[in-house]
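Both complexes below contain chain A, partnered by chain B and then by chain C.
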Partner chain A sequence: MDLFLVNNLIWMLPLICVFAFLIIALFSQYIPTQGAIVSIGSIGIAFLIFIFVLIDFVNGGLLPIHSSFTWIDLGEWQISWGLLIDRISIVMIGLITFVAFLVQIYSVGYMKGDSRFGWYFAVHSLFAAAMLLLVLSDNLLLLYFAWELVGLGSYLLIGFWYEKKSAAEAAKKAFVTTRIGDVGLLIGIIILFKASGTFDISSIIHVAQEGGISNDVIFWSSLLIFLGAMGKSAQFPLHVWLPDAMEGPTPVSALIHAATMVAAGIYLVGRMFPLFELGPGILTIISIVGIVTFILAGAIALVMTDIKRVLAYSTISHLGLMMLSLGSFGAPAAFFHLVIHGFSKALLFLGAGSVMHGMHDQTEVELMGGLRKKMPITSITFLIGTLSLAGIVPLSGFFSKDEILISIWEYNPWFFPVTLFGVFLSSLYMIRLYCLIFLSSARSDYSEKAHESPRIMTYPLIILSVLAVFSGLLAFPSPITEWQGFAAFIDDHHKFHMVPWITAVSIVVAFSGAFLGWVIYGARKIEITAISKPFKFIYQLVSRKFLFDEIYSWIATKIVFTFARWLTVFDRVIVNDTGIDGVGNSTKKSADRLKYFQSGYLYNYSLVMVIGLFLMAIIWWVIE
Partner chain B sequence: MTNNFSLLIPEFLVTGLAFLILSLDLFVSEKRKDYLVWVGVIGLLIILGITLLTFTNGILYQGLLVFDDYTNLFRIFFLIAGIIVLISSNEFVKSNIKYKGEFYGILIFTILAGMLLSSSSELLTAYISLELLSFGLYVLVAFDRYNMKSNESGVKYVLLGAFSSALILYGISNIYGVLGTTRFDEISLMLTSIDDLNPFLILGFIFLFAGLGFKLSAVPFHMWAPDVYEGSPLPITAWLSVGSKVATVSLVLRLFCESLLQIGNEWQLIIIVLSVATMLIGNLGALVQKNIKRLLAFSSIGHMGYILMGISALISVNEDGSVSTEMTVLVINGIIFYVIAYAITNFAAFVSVIAVFNHSGQDSISDFAGLSKRSPFLSLVLVCSMFSLAGLPVFAGFTSKFYLFNAVGAQDLLWLVALGIVTSLISLYYYLMIARQMYIEKGADSAPIKVSSSIRIILMVLLVAMIIGGGFPSPLMDLIQLASEALIS
Partner chain C sequence: MIELFNESSLLALIIFPLIGVVLLMLIPSQYQDVIKYSSLTISSVVSLISLLVYFSFDHSIQGYQFLYTYSWLDIPGAWGDGAGAISLDLGIDGIAALMVLLTGIVMFTGTIVSWSIKEDLKDFFILYFLLLSGVFGVFVSLDMFFFFFFYELSVLPMYLLIGKWGSSSKFPTFARTKEYSAMKLTLVLVAGSVLIWVAIIAIFIQSNLGTFNILEIEEVISENLSTNFQKIAVPLLMIGVGILAGLWPFHTWSPDGHVSAPSGVSMVHAGVLMKLGAFGIIRIGMFLLPEGAQFWMPLLIVLGAVIVIYGAISAMGQTDFKYVIGYSSVSHMGYVLMGIATLHYLGLTGAVLQMFSHGVMTALFFAVVGMIYERTHTRDSLVLQGLAKKMTVTTILFGIAGLTSLGLPGLSGFVAELLIFMGIFQSYGFGGIILGSFAVVGAAITAIYILRLIAKAFFGPVSSEWEDLTDSNLRERFAASILVFTILLIGLWPYPFVEVIKHGVGPILSGIVGAI
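And now, the complex of A and B:
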């Protein structure tokens, strides 16, 4: 395929989803299935486009495909809109289009009978468009635009059932919390624009590498951009919104709050990595934030009893692991884990949705149990997702985690033992979740009467579980093709390699976590209270999520609101009454007075014209 | 020197088309007269094709008419605008106008006048083209014969128009009396050769500016505009606000760029004063309007203020009093882009108003209450055009304002730009008032509005053009760049 065509084709990726959004939003009631078919069709076509582009990209020797046009050209500086396909963005596009496609199909079954069925798919299309634009954009301005649009999609979908107060609150919380990061991102972008004179990412990095930006500027702008990434990727301490975001429909959690949008932060750090490298200490900060998130969220996941919240904390925890990997020069490993986690977590969320579908929307694991027999497909696929995420050999999660461990050992050896503890936690809580839901016997009427979900929901589960099993093989170089392993695909300098003792340790740790989980929750050999008793304080602390919500709401009510109340007075009296209303009223008054000039009489009009003539003459003669 | 009359083929064809429609009007039965509009549309489409295919540069009648990239851009503009105004007046004319053939015939003559204005490079030729435009409009404004308001506005327009024509003629005669020429290039030559401007020459220019200011509805020569806009048949209001304005701008740009640049230090202040007054009065006046036609009249006065701001910034005066034309091309680019964006957006607004009027027969702002429920499509287009007129991003109105303001700022007139931004903010208020009526207020009538497919297509095209003009203006800017360079060389 010639380059010209591909250049245009990549524009179709976001555009086709935008069109789908417009069509569904405007004409939903005239389309069969209320527009779901348009949404699924458009994302399906986007996936096909991805395959074409991928083929072309590989045939072109993995060279970036760039297409841009000038928006505003003012000679000295210009703003252009451009899309870029490179090794990172192609991976993201594949993940986004594929998972979104499956999730939308699944949603047809899950959302059946909802009163805003069409709108749901419209927002899904909007989100897909924004997400694709985000990963494709070649400049920070467009990226920021997409970044906010993604946030909007997330907001609309979390609060999709806005009649429920908790959903509306959760949507607000997500929006406000991520906004803290977004402000940082925006300031960072502006600083970089001031320093380099361009929004174009590769130019900025080029200027920085040539030494055109001072270290201080790089440090602060990187830190602020990383703040944006922390907000979107729910990193400690901005992670509080993600668990609440589970108020949205479950397929939304699978797509947005597990596989794609929360990965945007990882993507951003990966994209700006050459800049971050130059900033003194930035990578250490990223690593620390990552590891703290990894451990804290893992600990909380262990005590949550809501199926979706366990998965949410597990997502936060794994995003922390990816950040840690990025901070340890392990960008390829981080992206590998991003993809595999995306598949596995989407699978788990969709599985959770299937469980909820069979359980009349109950999410409390205490009410479940024994679903293995009643929901066989969900149970098996969920088990696959669980094992993959727990990092059990030979499922895909094992391979990506292994690569991350290697890069941590090579660049951040001090973090290595703590990371292993996190790995242990993550296999423990995953097995716990599986055991509580599917093993032993039914603990409530709901689980007694649970039933398997329709095929439109189970097929996506099966497809995702196949990927969760086999996608780990991408790590290995292929003997027959030119494939050098995933790491080398992302970055030529990262050759595939294994460190046998790390692999062995990781296997042992993951297995011991899983075994312990099975002993406690599956076989019930050890009473849980026996363990938690000596650590009552810690248990309390963890189960109250380290009091983050309490601290934040204290800060919000005591400090922010008090300060805000003072500001309100200022705003009311000075800004509003004097400033805005004052200016507005005087403008209106002068407009009102002008009205009387417009008398409607011809002789008045011509008189004004004559006066105008005289004034012009006076200006010319007297003033010039 | 022989004249190459093939340069005038589009103009000849448009004249022929007008006569064809006028004579068909005599023969066809009353019922079939509804099809005359399509004769006009198809005719204009064919002429558009011919114009695009056969364009060559050249001059006619020893330089009375100039055909360059600038002419061609505006020719194409007027043909397309003519097609839009014909299609959008179709339904209105069917139900409101009695003499359909004459209506369309005269309308096509005004298209011809616009095309000629952009090519005239001599004052009297320009004057005649301007009169061709005005006479057509005088008739069209009063065409709704049994409507008192239409009659009133016709009388006002023709009397004040005659006054302004007299000003222009008097100005031209003064200029001719002093300089001995009316050709733009010769005026420019004469002006460089004399040191001090003769008072009669100055008087001539002032009269000329005042007359042209009337056509542009620049304050204080604007007072006819709201009354005439309100009384005219709606499609003619649209044509007044787009066609006649753009035609005059095309003349003014050529006049200033080809003959008056080097005495820029003399006229700059006057144009600035006109521009400030026009921006302020236009946008303030719009705040208190209750009728959408009057509101759009004031809004178009305000927009002419921005155009005048551009004209005043065509040159910059150095500290020693000399005139610098380094950035002139940038400013011309800004002005041309601005008028085109303004035309697209204003058409979109007016055509949606026409569609509502065809259904309800009402044109006060409160009648738009609840429009979003009655016709989501119309209100979408209308709200987008309001955003574009106010200069909000992604729409052509934003990008064009950005280019124009940037160019004016580059000429060291930042305070003028600041005033432009403030008045744009004021304009946002009344544009949003319309949006509020459509989306928030509840209307008394909730019956859905039927929009004919021809108007629907026109609106779709305009909406897309608005968005493309805002998001992807570079192809258009390339054309405009050619036109500006043709004007300056």
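And now, the complex of A and C:
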């Protein structure tokens, strides 16, 4: 077995991170830096392996690299584990290893002095391993395997500061909410297995395309699998866990809850897309869920005043945009936006972390203001992230958004105006956030005394901001190499093209959103209460997040747990005390009564004998 | 030497604990350390034998292995082939081999955990070994008489173990004394035994061979055991042994028993004793009464689904650690029953793997709860808070058990439940899809009550009451790490275990017409 054979080497991607996890988890206290160096080293090596594999993959003419072994052998039914490098997974691996590497370096500065410093990096390694396994797996079962493990990583990191009640609750909420989606995912996977006899994704798609699976089965299994994607990618109405997940350390939010794990749902839908398009109406459902999420989450982001929650709702909103794009046959555009959003949002979260670092962990934007002078690097990089996400030309977010708009116009024209409104919202709330944090003057003691973060934190910001500026250029075909543009890389059928009027409209909408944001929050020309007053009801509804949390917690406490307690009482009182104990007690009682038959008096016995004799005589007489 | 091992190792599994019983009786009870170390030695030897039996079991050879026969008693009268006899016939297939391994693991770790018992340690271990001798006996017997004999031997010591070393609890709404739990457990299980005994005698008479030997009876099923007879005998057996597997509505002995039992006994009780029930259904119900089993299985799978959901929701309503885990055990045994009832290769394999997985997992659960109870003297999740800060390792151990329970991939529960789910979906057509969906939902409910328990008791700020708690000691960690290792091994590399299970599952399903 040759380790440097690329088929074997790809196993090292998740394995090396698993080893790092084990080493840190068990021996953290014996390693310098409590194991951070092991974690960063392993993810760094994973990144190098990625480069190696990428070169091999490109030299091999972009043909899939595949490797598998049998995990469970049950004769007719084989369950195997296999890894697959293809055009989608190579992009995901690059994103994951790179962002994880930067975030872990950044974390060394951010988490300095924490009592569980080593454990933090251990879980990071576990998460990286699971995430790599997720995007590498060639079959749905292994994907589910990794899918749950990234959920575990997320659970452990959200609940990292478990002494805080809110963190413990948020971790539980995240796991349980995504688990609801996962119920659907697992059922969908097993139904597909029943229909096709395999877990292998390409085989399932092949069977389905040949007409081997009935439309009903495709519809229901696709819908159930999409439910899983909704949970993980925080789509309405399963989005409630993501804002609460901000209880975790901020670098975790950057990596897991912005760039990688929450994108897993997008990845899954993109991966299963050939199946989904066969299911009647599935793409419409995906589009509707996507656009509802895009608009509603964008609206909530506009009124949140917690820096991390604004970014969280913005993440939900952009994940909705990606779903919408997938529903409009724009899988390449969705992946492009996934990557660029990953860079930009990681940059913004790390920037937010830097702000919090300088502000003694304050997250309320009302307490900030005027940080531009005190934190120059954070301010500039944050601005770049803001503009990129707002889709301002010529930053990278503009290009990916443009491609999505083209797909929507071509396949879902009805959604186009609403999407434009969402784009407007998106640039408005991002500029609002930037203005509130960095412009005007300090509004509290914390922001008076704010200071720039150490270099270990600012360098990752700079690297990410360079990517946020330039990665949009990947959209264009290269004149000197064979690169045909990102869309063509993902799918040969998608040729790079632009629609000039859509580009123009997109530029105008994004600019007007940004301009309005600057007028209200930067230049303060318009008083915000003047706008919100006439729409008091809507403002209230949006700022209470459309009451999702209230309704869910009502269902949980009033219905689910009440029912559980009721059932517990039923089990105790009816089944046990009446049923089981009742049998015992009635035995005892009947024995109490029956014991008088054995009175010990001779005349009682002879009386019974005489009666018996008479009865027998009568019976004999009747029969004869 | 190898030959001797092959012939007598199963007998040794039954005899050695009994030797231990006699040995302990001879040691004066004031020598605590001598008792501790000799019980550990006995436990280690027996576990080692079970490990050797498992690893020298060759799953590529068809049929029962490690056969041993000792003719015990002649039965007078004229039987089919001449004289009748009761003989001690031992032998294992793949299913029993795995159960023997499970019993070995739980016995060993249970012994280590029980070291901390202060009162009458000698008597405790005497009963403990008597119990385990019976458990081994059930798993390795090929003779229905001795199956029943050992079955009773494994149930009755529980009465004393719970009644004497257990703990009574007072809850806001009701009190649960250990005497009540012990009494209920024994009476309910003995009531089940009556049904089993009736079924066994009926099979014995009907088969008309003058033997209780399962393998010999199996050969005359088509001639002597009519379909109608099988349809009558199966419910007797299914309810009789099903009670031990937590069959609804006869399950209430189990959570109450757990709550009152000391942790070592809880480990054995939930870890292996509940498996005897499921094992009985497979060994006698499916193997000797295939047509009857086929007739009744649709009912069993529905009951299984009810148990899964009912147990999970009941667990959600509880706040006492042991009640939660007790109901969770009931819920997980529901998966075993469902898997058996699929009559499907995948489902039955999954059911056996789930028996093993659940045994190890639940042993870990009760070991950890024991560690907490010894230090805090409470099991109420409403009182406990922030334990993670003070008992970090214990928290991680509980977390691993909890994650196994909710079916996290990479841990044993996932593999077993996955195979069961796949089996359910493959059988009973559309009904299978509905029942399978219920089963998957059950796993999600498990996530709710386990994570709720963790968030309540382990997370959050440490209350002043628990400021000076100490973490688990080396002895406890050693016991737990064996269980954790087993959980991870199955979860990540189930291949060898599944190969062994296949050895036993194949012949059983080939006897059932229409099974896949």
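Heads up, the rule we're going with is that the second predicted complex is superposed on the first by the 559 of 624 C-alpha atoms of A that agree within 3 Å, B and C clash if a C-alpha of one lies under 4 Å from a C-alpha of the other, contacts with A are read in each partner's own complex, and residues count from 1 in each chain.
Operating definition for what follows: contacts are C-beta pairs under 8 Å (C-beta built on N, C-alpha and C of every residue); 3 or more make two chains touch, one makes a residue touch a chain.
In this text the structure is predicted, and so the values were computed from the model without any measurement.
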Which superposed partner A:R565 touches (first chain B, second chain C, both, neither): second
Touching partner for A:V575 - first (chain B), second (chain C), both, neither: second
First, second, both or neither for A:W554, with chain B first and chain C second: neither
Per-residue touch tally on chain A - higher for chain B or for chain C: C
Touching partner for A:R179 - first (chain B), second (chain C), both, neither: second
Touching partner for A:T70 - first (chain B), second (chain C), both, neither: both
Which of chain B and chain C A:S606 touches, first, second, both or neither: first
Chain B versus chain C as contact partner of A:F470, first or second or both or neither: neither
Residues on chain A lying within both footprints (that of chain B and that of chain C): 70-75, 584
Residues of chain A defined as touching chain C within the complex: 70-77, 141, 144-146, 148-149, 152, 159, 162-165, 167-169, 171-172, 175-176, 179-180, 182-183, 186-187, 190-191, 193-194, 560-561, 563-569, 571-572, 575-576, 579-581, 584
Chain A-touching residues of chain B, taken from the complex the two chains share: 155-156, 159-160, 163-164, 167, 199, 202-203, 206-207, 209-210, 213-214, 219-221, 223-224, 226-227, 265-267, 269-270, 273-274, 281, 284-288, 330, 376-377, 380, 399, 402-403, 406, 426, 429, 471-474, 477
Residue ranges of chain C touching chain A (in the complex, touch as defined): 174, 184, 187-188, 249-250, 252-253, 256, 310, 313-314, 316-318, 345-346, 349, 386, 388-389, 403, 408-410, 414-415, 418-419, 421-422, 425-426, 433, 436-437, 440-441, 443-444, 447-448, 451-452, 454-455, 458-462, 494-495, 498-499, 502
Complex contact set, residues of chain A against chain B: 26, 69-75, 81, 584, 587-588, 590-592, 594-595, 597-598, 600, 602, 604-606, 608-609, 611-613, 615-617, 619-621, 623-624
